[in-house]
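Naming follows writing order (A, B, C and D), and every chain is counted from residue 1.
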Amino acid sequence: MTTVDLNGDVGEGFGHWALGDDDAMLEVLTSANVACGFHGGDPRTMRRVCAVAADNGVTIGAQVGYRDLVGFGRRFIDVASEELTADVFFQIAALDGFAQLAGTRVRYVKPHGALYNAMFANASQAAAVVEAVRSWDPAMPVLGLPDSQWLRQASAAGLPTVSEAFVDRAYTSSGTLVRRGEPGAVLLDPDEVAARSVEMVVNGRLVADDGSTLSVVPQSLCVHGDTPGAVELARRVRTALRDSGVDLQPFAKP
Amino acid sequence: MTTVDLNGDVGEGFGHWALGDDDAMLEVLTSANVACGFHGGDPRTMRRVCAVAADNGVTIGAQVGYRDLVGFGRRFIDVASEELTADVFFQIAALDGFAQLAGTRVRYVKPHGALYNAMFANASQAAAVVEAVRSWDPAMPVLGLPDSQWLRQASAAGLPTVSEAFVDRAYTSSGTLVRRGEPGAVLLDPDEVAARSVEMVVNGRLVADDGSTLSVVPQSLCVHGDTPGAVELARRVRTALRDSGVDLQPFAKP
Amino acid sequence: MTTVDLNGDVGEGFGHWALGDDDAMLEVLTSANVACGFHGGDPRTMRRVCAVAADNGVTIGAQVGYRDLVGFGRRFIDVASEELTADVFFQIAALDGFAQLAGTRVRYVKPHGALYNAMFANASQAAAVVEAVRSWDPAMPVLGLPDSQWLRQASAAGLPTVSEAFVDRAYTSSGTLVRRGEPGAVLLDPDEVAARSVEMVVNGRLVADDGSTLSVVPQSLCVHGDTPGAVELARRVRTALRDSGVDLQPFAKP
Amino acid sequence: MTTVDLNGDVGEGFGHWALGDDDAMLEVLTSANVACGFHGGDPRTMRRVCAVAADNGVTIGAQVGYRDLVGFGRRFIDVASEELTADVFFQIAALDGFAQLAGTRVRYVKPHGALYNAMFANASQAAAVVEAVRSWDPAMPVLGLPDSQWLRQASAAGLPTVSEAFVDRAYTSSGTLVRRGEPGAVLLDPDEVAARSVEMVVNGRLVADDGSTLSVVPQSLCVHGDTPGAVELARRVRTALRDSGVDLQPFAKP
C-alpha cells in the first residue's frame, strides 16, 4: 500500500497575533512543522501546539527560521555560518523541551521561508544548518526539496533526508517552484489541488507549468495553513488521497 | 572542611554588544549563571560560554529572566503565570541544548534581575517559575535568597534549594538587600568585600547596615561580573576564602 | 446640536500578522488611535494607515504604549520615568513623520493597554508620559479616562484634556471599568451597546453594574476594532448616534 | 583655506549595553551619525546624544540601518522596497524629534553597516532609501561613498550629496574599500592614519593597497568610534588636520 506524509506549518502566531487555525490543521496533518520563535511562535504557543500535536498523534518537526519577526522569516538574511548554526540549534533545543513536556520529541527539522529558499542553492547556509542538526542529533531526519543543497549536504553528513512536494504550487519543467507573485504560482482550486496530490503520490507524476510531465516521488506533501481556505484544502487533499487508497502516515513516528 | 560555591553571571552580552569578561569570570567561578537570550545572551554566546564553562569544570545554571532586552530584565513585568512558566521553560530548554553540546547539562536555575527581585515576595510569579523548573526536571536545584517565595515554593514543590548571599551588597537588619541607588548599597572596597565573604562563610555572620549582626549560612556566594573591577573583586574573594581554609566547590557537579 | 467623537485603535498589526480591519474602521471613526510600533504597528503599516486616515478625513492620534510586542503592551512594565518619557516621545515623533507625509499631523495622544490602565493611578508614569507630550507640543490634546492621573496631570501641565467613555465595557458605581475577565465586563449585544452610547451622549447617563446611575459627559466614545464583529458594532453605534441627532465630529480637526 | 568635515558614529549602545564613548567623540567630531534604534540606539540614548551634540555644536545626521539588533545592522537583509522606505523614514522622523527637542534638526542621512555596503551597488535598495529621504525633505543632504548607487541616485533625485573617505581603512586601486577581515584592511597606526588624513584633504591623494595613487576629494572624513583607541585616533586626526591648516567644519550647519 502506498503511503505518504502530510506536513504543514503550525504555531506561527506571536503573542496576541494569531495565524491560521492550528487546532484544525493538527486534525489533518500527519507531521507538524512547529515554529520555534525566530520567525513566529512564542513559548506559550509552542507549548500548546506541542501538546495538541502529541494528543493527536501528529509528529513534531522543528520549523527553524531566520531571526526576523517583523519579516516573518521571509527575507533573506546574510547570517554568518557560526551564528546560523547556533540560531538553528537554539530553536531545535527550545522546541524539543516542549515536545518532551508533551511526552514526545522533535522528530525532524524543516527550515522556513527565506531560509528554506536560500538553502536550495546557498551551500554555505545549507552547511551551517546541517551542522546544527547533526550536532543536535546525527540521526535526525530533515525535510526539504529534492536536489537542494539542504538535502544533498544533509545526506552527505549522514542525516536521513525526506523529500517533499507542494500540493498547491506550480512547478517549472525543471522541477523548481514557480515563484510566488507570478501568475498561477499558487493553485487555489481544491479539485485541482486534490487531483494533483493523488497524481503525485499514486502515479509519481506532476504536470509542470509548460504542460510537460515531471517524475516525482514525494515522501511528504506540504499543505499551507495560513491562507483562507487552507484547512478545507488540506482536508480535501487528505480525503482524496485516502479515497485513492493511499495511507497517510508520518515519515517519522510521533 | 568548610565549602562554599561561588556563582556569577556570564553570557550577558547580546550580538555586537559585550558585557563583562566571561572568560576571566569562568576562571574564578565554580557556578556560572548563563543568560538564556531573554534579558541578554544570544545563541552564539550561549554556545561559546557553555563550552568554556565545561572546559573549566564550572557548573552551568540557567539564568532565566523576563523577555526584555532593552531593559536588560531589570524592570518588573506583570507576566501572566502561564506565559511566565512557558518563557522560563523555553530558556532552560534552549540553554540545556548548548550545555549538552558541551558535554554537560544545566544543573540549576537562578532567576535574573527584576524577576529575581519580584520572586522574593510575589507568590504568583514564584509559583509560575517553580512550575517551569519542576516540569523540566523535578530534581533540579534552584538558587536564590533565603526566605524568598522563590525558595519556599520551590522547596514545597520538592525542588532542592540553595541559598546565596551577595558579597558586595549591603543588608538591612531584617536580612534583605539595601536597594540599589541608596547610599552604601553596593560595596566597592575589595578588602571589605573579601573580609565580609570570609566572615559569612567561616563564621556565619554578616554585619547589617545598622551595625547589627545577622546569622547567615550561605551555600553559595554571588559575585558580580559586569562592573569595572568585577573580575579582580571576584579573584580577591576567591583568594581570601582559600586563604581562610574554605574549599570552593560548586553545589552541583558540573 | 450635540456632538461627540468616535475613537478606536488602528494599525495594530505587525509585519505579516494582521489585527482587525483598519480600512473598515477608518470609515466609521472620527479619530484613529494609530499604533506606533512599540506594542504593535510597524513603519509600513503606520505609513499606510496615516494615508487612509488622511484620505477619509479621520483625525490621527498617537497610540503610545510600552515596548512589548510579545505582550501587545498589555502587561504592566515598571519603566523608569526618564526612559518612559523618551519612549513615548519617540513614538509620537515617528508617527508624526508619517502623518506629515499624509498631509496632516498627530493631533492627540492616547496611551494603550497596560500603560493606559497604569496611568489611572500611577502618578509617576503619568508624569513621565505628560512630560513626553508636553515637550513634544505643549498644546497637544490628550485622551483618557476622567479622574485619571493621566488627565489630571496633563491638565495641570496645561495640555488640553479630552475624556472618553467605552461603549462596550461595564462600569462600577464608582465610575471605573469592570475588569476584563470578570463576568459581564465586555458588552457584546449590539442593541445594548448602541442604546448605551446614545444614553451617555444625549442624556449624560450610564447605568453601572450594580444598577445605579452614573453621570457622564464623554467628549469621545471608544469603540474596539480588534474583536469579531467590532466593525459592525462600531457602525451600529455610529448609526444610533446619528439617528438620535448627534453630530459625529473629531474633537481635534484632522 | 581648506575645510573638511569629520564624521563618526555615536549613540550605538542599546539599553544596558554601551558602545564607544559618545561624550568623548562628540568633542572631536563636527558631524555625528546618530543611531536611530534599528541597529543600535534606543530612545533614551537618542535623546541624550542629540542634547550633547547640540550643546557641542556638532551637526546631527540620521544613521539609518536595517532592523537587526542582534546583527547590529551588519548583515544584508533582502528588504522589499516599500518596507525599506518606510523603515528609513521612520528612523529619520524619530531622531528628528529628539533633534528638535535639543533645539536643532537632523541635517543629513548616512546609512549604516550592511545597508551602507549594499547601497554601493544595489540599485533597488538605494532607490528605496533615496525615496525615504526625498519624501522626508527634498533638500536633505546624504553622506556616502563616491560612485555609489546611493550617491548617484540621491543626486538624480535632487538631494545634495556629500562624499566621504575613511581614515583608517585600506583602499584598492579601484577606489573601493579593502574588505574587513582581509589583512591590512583596517589601519591601526595613529601616525599613519593621521598622515593619510592630511594627504587626502590637503593633497587630494590616497595610496591604495597596491601602492598606486588615487585621487580623492572627500568632503568628509569618517572616523570610527567603537574600537579601542578610537577616540584617541580621532583626536590625532583632528589635530593633524588643524596643524596642516585645515579648517574642520561640518558640511551642514548644526
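What to note about this one:
Here is the rule we use: a contact is a pair of C-beta atoms (placed from the backbone, for glycine too) under 8 Å apart; a residue touches a chain by one contact, two chains touch by 3 or more.
Values in this document were obtained by computation on a predicted structure and should not be read as measured data.
Touch-path distance (fewest steps) from chain A to chain C is 1. Between B-C and C-D, more C-beta contact pairs join the chains of C-D.
The mean-CA centres of chain C and chain D are about 40 angstrom from one another, to the nearest whole unit. Centre to centre, using the average C-alpha position, chain B and chain C are separated by 42 Å. Annotation for chain A: residues 42, 70-71, 83 touch two or more other chains.
Within the complex formed with chain C, the residues of chain A that make contact are 13-19, 40, 42, 69-72, 74. On the chain A side of its complex with chain B, the touching residues are 37, 42-44, 46-47, 82-83, 86-87, 89-90, 92-94, 96-98, 101, 135-136.
Interface of chain A with chain D (complex): residues 67-68, 70-71, 75-80, 83, 114.
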